[in-house]
Amino acid sequence: MGSVVNPELMETLEEFGLADAAACFNCGNCTAVCSLSSEETPFPRKVIRYLQLGMNDRLIQSPEPWLCYYCGDCSETCPRQANPGEVMMGLRRYLTSAYDWTGISRLFYTSKVFEVMSILVIAALVGLGFYFFHGPMLTDRVALNVFAPNRVIEILDLVMLAVLSFLLLSNAWRLFKAVMGDPGQYPDMDISDRQQPLNRSILGVPLKLYLSEAKEFVVQFLTQKRFANCGTASQRKQWVVHLLIMTGYSTVFILVVVGIRWFQRDEFYPIWHPVRLLGYYATFAILYGTTYAIMGRLNKSKTVYQNSHSTDWVFLILLWLTTFSGILIHATRWLEMPSATYYIYVIHLMIAVPMLVLEVPFAKWTHQLYRPLVLYLMKVRQRALQSNQ
Amino acid sequence: MSSNQDKKPTGGQEKVGIYICHCGGNISDHVDVKKLAENVKDLEGVEVVHTNTFMCSDPGQELIQKDIKDGKINRVVVASCAPALHELTFRGAIKRAGMNPYLYEHANIREQVSWVHHGDQATEKATGLVAAAVAKARRLKPLEPIRVEARRHATVVGAGVAGLRAAYDLARRGLEVALVEKSPFLGGRTARLGRLVPSGEQAGEVISRIAGLVMTSDKISIYPCTEVTAFEGFVGNFKLTLRRKPPEEAECRAQLKKAREAGVGKGEFLPGAGVLTPNLPDREEEISLETGAVVMATGFKPYTPREGEYGYLQTDRVITLPEFVELLAKYPDRRGGFLQVKGKQIRSVAFIHCVGSRQIPGIHEPGQDGNLNEYCSRTCCAATLQAAVQVRKAFPRTRVFDFYRDIRTYGRGQEEFYEEASRQRVTFFRFEPEEPPVVQVSAGGKYPLQVSVKDTLTFGEQLDVPVDLVVLATGMMPTPIKEMVELMKLPVGADGFLQEVHPKLRPVEVANTGILLAGTCQAPMDVGEACNAAQAASAKATSLLARGYVELDPFVAKVDPEKCSGTGLCKEACPIEGAISLKERQLDGKTVVQAEITPALCTGCGICVAVCPSRALDINGWTLEQYEAMVDAIVAA
Amino acid sequence: MGKPDKEAMKALRQQRKAYIDRAKQEIKKQRKLIKAIKGQIREEAKTVPRIAAATKLPSDQVLLFIAAMRKYGQVIEVDKDGDYFTYKLSAEA
Amino acid sequence: MMKETHSFQYDALVIGGGIAGLQSALDLADQGFKVAVVEKDATIGGTMIRLSKVFPTLDCASCITTPKMAAASHNDNIDLFTYCQVNSLTRSDGTLKASITQKPRYVDPDKCIGCRQCEYQCPVYVKDEEQGGFSLRKAVYIPFSNAIPQLALIDVQHCSLCGMCAKVCPTEAIDYFQQPEQFVIEAKTAILATGFKLTPIDQKKEYGAGQVANVISSLQMERLLAPHGPYQRVIRPSDGKEPDSIAYVQCAGSRDLSLGVPYCSRVCCMYAIKQAMLLSGALPLADITIYYMDIRAFGKGYEQFFQNAKAMGIEFVKAKVGKIEQGENQNVLLRIEEQEGDGRVVRREHDLVVLSLGMVPDWNPAGICPVTTDTDAFIKCVQPKLAPTLTEMEGVFVAGVAAGPKDIVDTIAEAGAAAMEASNYLNTLSSGQAA
């Protein structure tokens, strides 16, 4: 018995901003032209075909969407202009929501109303929290740690970190099971199918393999070196921009969430102090990266910027505004403007918190984890297969 | 590239020039042309030997003409490809040089030598053939073509789109035209189509337009419900017997009934049938017709799948594309929801391509006639996609699946149409001929049918597609016209279609001069291509008949009155009515009965020569003496 | 055309100066190239890569001129050496 | 130097002296009409005369084309105007007027006898495009051995004006001072048969943009296979190696929106199969692979031809080649998705790669006559079903690839159809009926 075809899936994916996948006539140019597509994990046509046929299980088990960094070569050369790069992008959105057990991700991606409302509600909660619980607003000097004591923020941060981590990691666990092939989860799968030797169950991989290959995860997470090989040489810039945003974001995330007591201080560090330098780096990196990306999307300067989902805009704008308001806080502190500092601080958090709460476990940010995770799992699996042989 | 090996004249009457063609490398790669020239230069009567890369090219022809004008030669032998290709070319060149074009002999050293033999053997055989040609050439006599009056009248058989087009064009050029159609409708298969790819024109409108022009032309006589029952004569002077009778076939009568019920009058279009002809016969009658040229436009019939081929005839949910197109025509402007067929909601429909086309020996089962349709039917891909897109647009909830081997949307605008089908969410599957899709009746499932396929677009995976309806894209087969083929001795190709002389040199002519091909009787074509072919055929017919006379080759039998004793054996043996007659004539004061030839009717077959006990008959240009000389020359070489 | 008028020719040369100068340059380069190739295959038939290696000319240029010299009867193809054919100066050249 | 503009009168004007134009001209001349054929090249014959052999009969292209060329040049009803450009084609008072410029050959056509003495003596070698750029010609030359007319011409851009040709010419035919000539052809009807050119080989950067050695166009391969090809055998152009492995990349210039050519060029599948067959005859040990998306063997006898090629051992691989790169030893690397396997990406190495380039129009009527082109840039047909040769301009018809890609068989049929339309138009004019 063969797999049953279900073309309705494409319509579902349209809600995630999928376009043009139907136009594909399966010539295979995209896979052949892609510089990251390999013998073991060829893409994008394979997953596009599964999509055309509505093979949802196959898609959910596919590591390929996470291996694509969207250089746009496939879309530029596609004979049907079916935009395979954008289809991969749409698939990533769909998969993010498929791995999210809460259903929030799906709502966030498929409903603009939910998207905006959720941001506003969280922002309002943050605002109300400050309204009711803020500390004294000293006006003779800038005393942020009196207005919002960093010890309190730290506790809240850690609570948020715990919740977000739980959500993100539980979603990542679902991805892990799907990609490594949990046969119990998908009973209709034919495990011996010769076409899918790599997608099939090897959950029984020895734990020590996972440990010995852990380096792969760390390296890929920090360097994203795979992105550097994506597309033609001119695409390098894309990798640099991406690396800037990602490292800036991660740096500030660690500074704010874990190191708030060192980061949020009422005295300025000396200019050469590592925390201050890190702060400046993160600010510059995110601001440059997001501005570049926003301009790119406005001008549609690259294939990768041709199509923008509303969540792409939200992510970039929130990130940009967070950074910008962060700079403003820095400036008002420098200029010793206490009230302005407190207000902007609240606004800053009203932007930053919704962004973190929504993006980290449910939306765009997940790929920061999923990408290196999938690469790492691929490596583990490859090793496991090698040792099996 | 020409080597001149002149010799001093021997003083003989017949001075032969030999011209050997390399044919690019076609000949010279296998035949040692230099050696061949050497071998034949000393044959009796040979004055000059030339070689050239392409003897048929202008410089090649000029070589011959120069030798003629210089008085060096008075017989020409060209050793090159098959005479069918270029005998006429060289005769023309000789004629332009002022020599009788029949003092020419052609040696075929390509098809008969270089394409089948290699090395020394090839050169040896070529030497023999050229020697024979020289021997014959020395015995050639000047001949004059037979000039006969031609009727400025043409007959078109078949009133489909090609026939209508041809008839109208011939009439516009001033010829009288008889348009013979076996049904009571004009428009043939085209009339039964829906929208045409890719312009979206309604086939009915196209047919109504051209049929209207034909019906209003005062030069065209339409013979509906008519068949050709006898045929004789030659180009410019064919005689046809037609039988016209009231329609008897059930399908025909049903259509006429439908026309009456729908109030479709004479000259009006009935969907699914065509334009009702103005003059329906009410009794059977025989008509004889004299005509100058015949345009065959007998068209095609769709392939009928075998019982069980993809489930055909085993369930009424498997139908052919022509049947489906007729069904679709019933919902002209319906929009939204599901397609309904025979009262059933069609949630999904599968199209399967190449049914009865592209059949491969050893894989496909031969049809009832024992033949395989190895050819591509050319039009079904675009027609299928047209139907698929129409379904998707009109009934967006009906899913469409398409199973193909190769999508052949070759024509202008067709590839764009294929893209449109993809964008309209037609899901495509590609199969290999060895592993075609399997249509199964699924008992108790949510869908009555299931199409299973090993899909090469999904890396050879086995996929199951549940459907409500399967449509088979059936190919074209030539309309069965066995009687006419025998009657008119028409050449038929291995694919069953009428065979042209050469696809590029004489694409709309058959070997029988004066009979031309238009449209799908020759090969699968779409409407535009069929019209092109019809117009090309009309152009040829006009060229043939415009001058009011035609010239026939003089290779006909002649009687030696010295030898003929009037046995009449030749007349009995002659396969052509009227070509030989026995006539009384005065010979040395006595009345004798002798054979007489009507040159225009004689085909030069030579049967009479064989049966004559007194060797009184011979074929001009192919005499027994010439044959004997050729044989001697081959033996000597 | 009879003897071309000297003055008119002079004017024409002036008018086509750019073309003529370039053509003259070309002739010079081509002569050198042809001489180098001829030098290699006067005594012995050689393959294109061998001629190219010996003359330090790009192999596609060598083949181009070998093809042209064959066309005008100065070079003949002799034999096959592995995957390559060997060429030699013809008797006429 | 202003000369009085000559004017010539004909029944019909045929623009383009390729196989379509010649067939139309011959069909009209056979019906007794006077025809002028205007050709932009120095010889008639079009693309077809430059081919090796033609599918599906494998006749040599010359065997079919040269007789038609000769027939046209000898036909009393046909005059050939070669090396001519049409500046405008307008209709006034029921007459078509074509303003023509004949480019100077710098050789007196009445004196030249085509002996090629000049060509042998000329000191300048120039890349011979007639041989795909794989051989050289001289600055004074006859295009090719079966060109019609057999007249030399001087390529002034490469002429050093050394005077050698004038010196050796036995008939004093060289005329360095020849000027372009202007004249007018008046006719009652016209047929556009302007043909095509290949999509540019350097258009696609993934295919090396014309810079990868041993990646050649299909027309260049025609020359390698032709009896009078540049090497007189099939060797690869970078170093003369006899290729062991040859690949065809189908749809290299067609069916590709990223190149702006959405349509199918209709002939590439068949010419690739034909060339593959000829190659397996010329190089019996070579491996030949055709990478394709769909094999479009739709004409009479074409499918059987395709199946024969398969049976002969030519490998057909369903894949759109993604990238072409230079490999080692001047070999060529192709990247494909192995669709018939498990979809992995593989690199395949070949000695020689042929791009099956598509057809684009060779002529744009814009600014010359009020005929427009369709979205595919080919001439628009107003009645593509019933009368495919009709254009928007009264009395002007179109035939062959000028009206969209077409193989030779279909081109010849369409040329006949255009001749029929033109003769009918002439007939209507002479019988005084309004069209």
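Just so it is clear, A, B, C and D label the chains in written order, and each chain counts residues from 1 on its own.
Going forward, a residue touches a chain if its C-beta (ideal position, glycine included) is under 8 Å from a C-beta of that chain, and two chains touch if they have at least 3 such contacts.
This is a predicted model, so every value here is computed, not measured.
Enquirer: When the contacting C-beta pairs are counted for C-D and for B-D, which pair yields the higher total?
Expert: Taking the two pairs in turn, the one with more contacts turns out to be B-D.
Enquirer: Give me the ID of the chain with the smallest distance between its Cα centroid and the all-protein Cα centroid.
Expert: Centre-most chain by C-alpha means: D.
Enquirer: Counting in whole Å, what is the centre-to-centre distance of chain B and chain D, each centre being its mean C-alpha position?
Expert: Centre separation, chain B to chain D: 27 Å.
Enquirer: With chain centres defined as C-alpha means, what is the inter-centre distance between chain A and chain B in Å?
Expert: 66
Enquirer: Would you kindly tell me how far, in whole Å, the mean C-alpha position of chain D lies from that of chain A?
Expert: 54
Enquirer: Give the residues of chain B that touch two or more other chains, as numbers and ranges in rising order.
Expert: Touching at least two other chains: 407, 419, 430, 457, 459-460.
Enquirer: Can you list every residue of chain A that touches 2 or more other chains, as numbers and ranges?
Expert: Residues 25-26, 46, 80, 195.
Enquirer: Please give all chain pairs that are in touch with each other.
Expert: A-B, A-D, B-D, C-D
Enquirer: Help me check something: in the complex, which residues belonging to chain B touch chain A?
Expert: Its residues touching chain A are 399, 401, 407, 418-419, 422-425, 427-428, 430, 452-453, 457-466.
Enquirer: Going by the contact rule set out above, which residues of chain D touch chain C in the complex?
Expert: It is residues 108, 120, 123-125, 127-128, 131, 134-137, 139, 156-161, 163, 166, 172-177, 213, 230-233, 235, 237-242, 244, 330 of chain D that touch chain C.
Enquirer: Looking at the complex, which residues from chain C come into contact with chain D?
Expert: Spelled out, the residues of chain C in touch with chain D are 1-2, 4, 8-9, 12-13, 16, 19-20, 22-24, 26-27, 30, 47-49, 52, 59-60, 63-68, 70-72, 77, 80, 83-85.
Enquirer: Spell out the part of chain B that touches chain D in their complex, as residue ranges.
Expert: 1, 22-26, 53-54, 56-59, 61, 81, 85-86, 89, 92-93, 96, 161, 165, 169, 172-174, 196, 199, 201, 206, 209-210, 357-358, 360, 374-376, 378, 406-416, 419, 430, 456-457, 459-460, 495, 497, 502-505, 507-508, 522-524, 527-529, 531-540, 542-543, 546-547
Enquirer: Quick one: in the complex, what on chain A touches chain B?
Expert: So the residues of chain A touching chain B come out as 1-5, 7, 10, 22-26, 46, 49-50, 52-53, 80, 193, 195.
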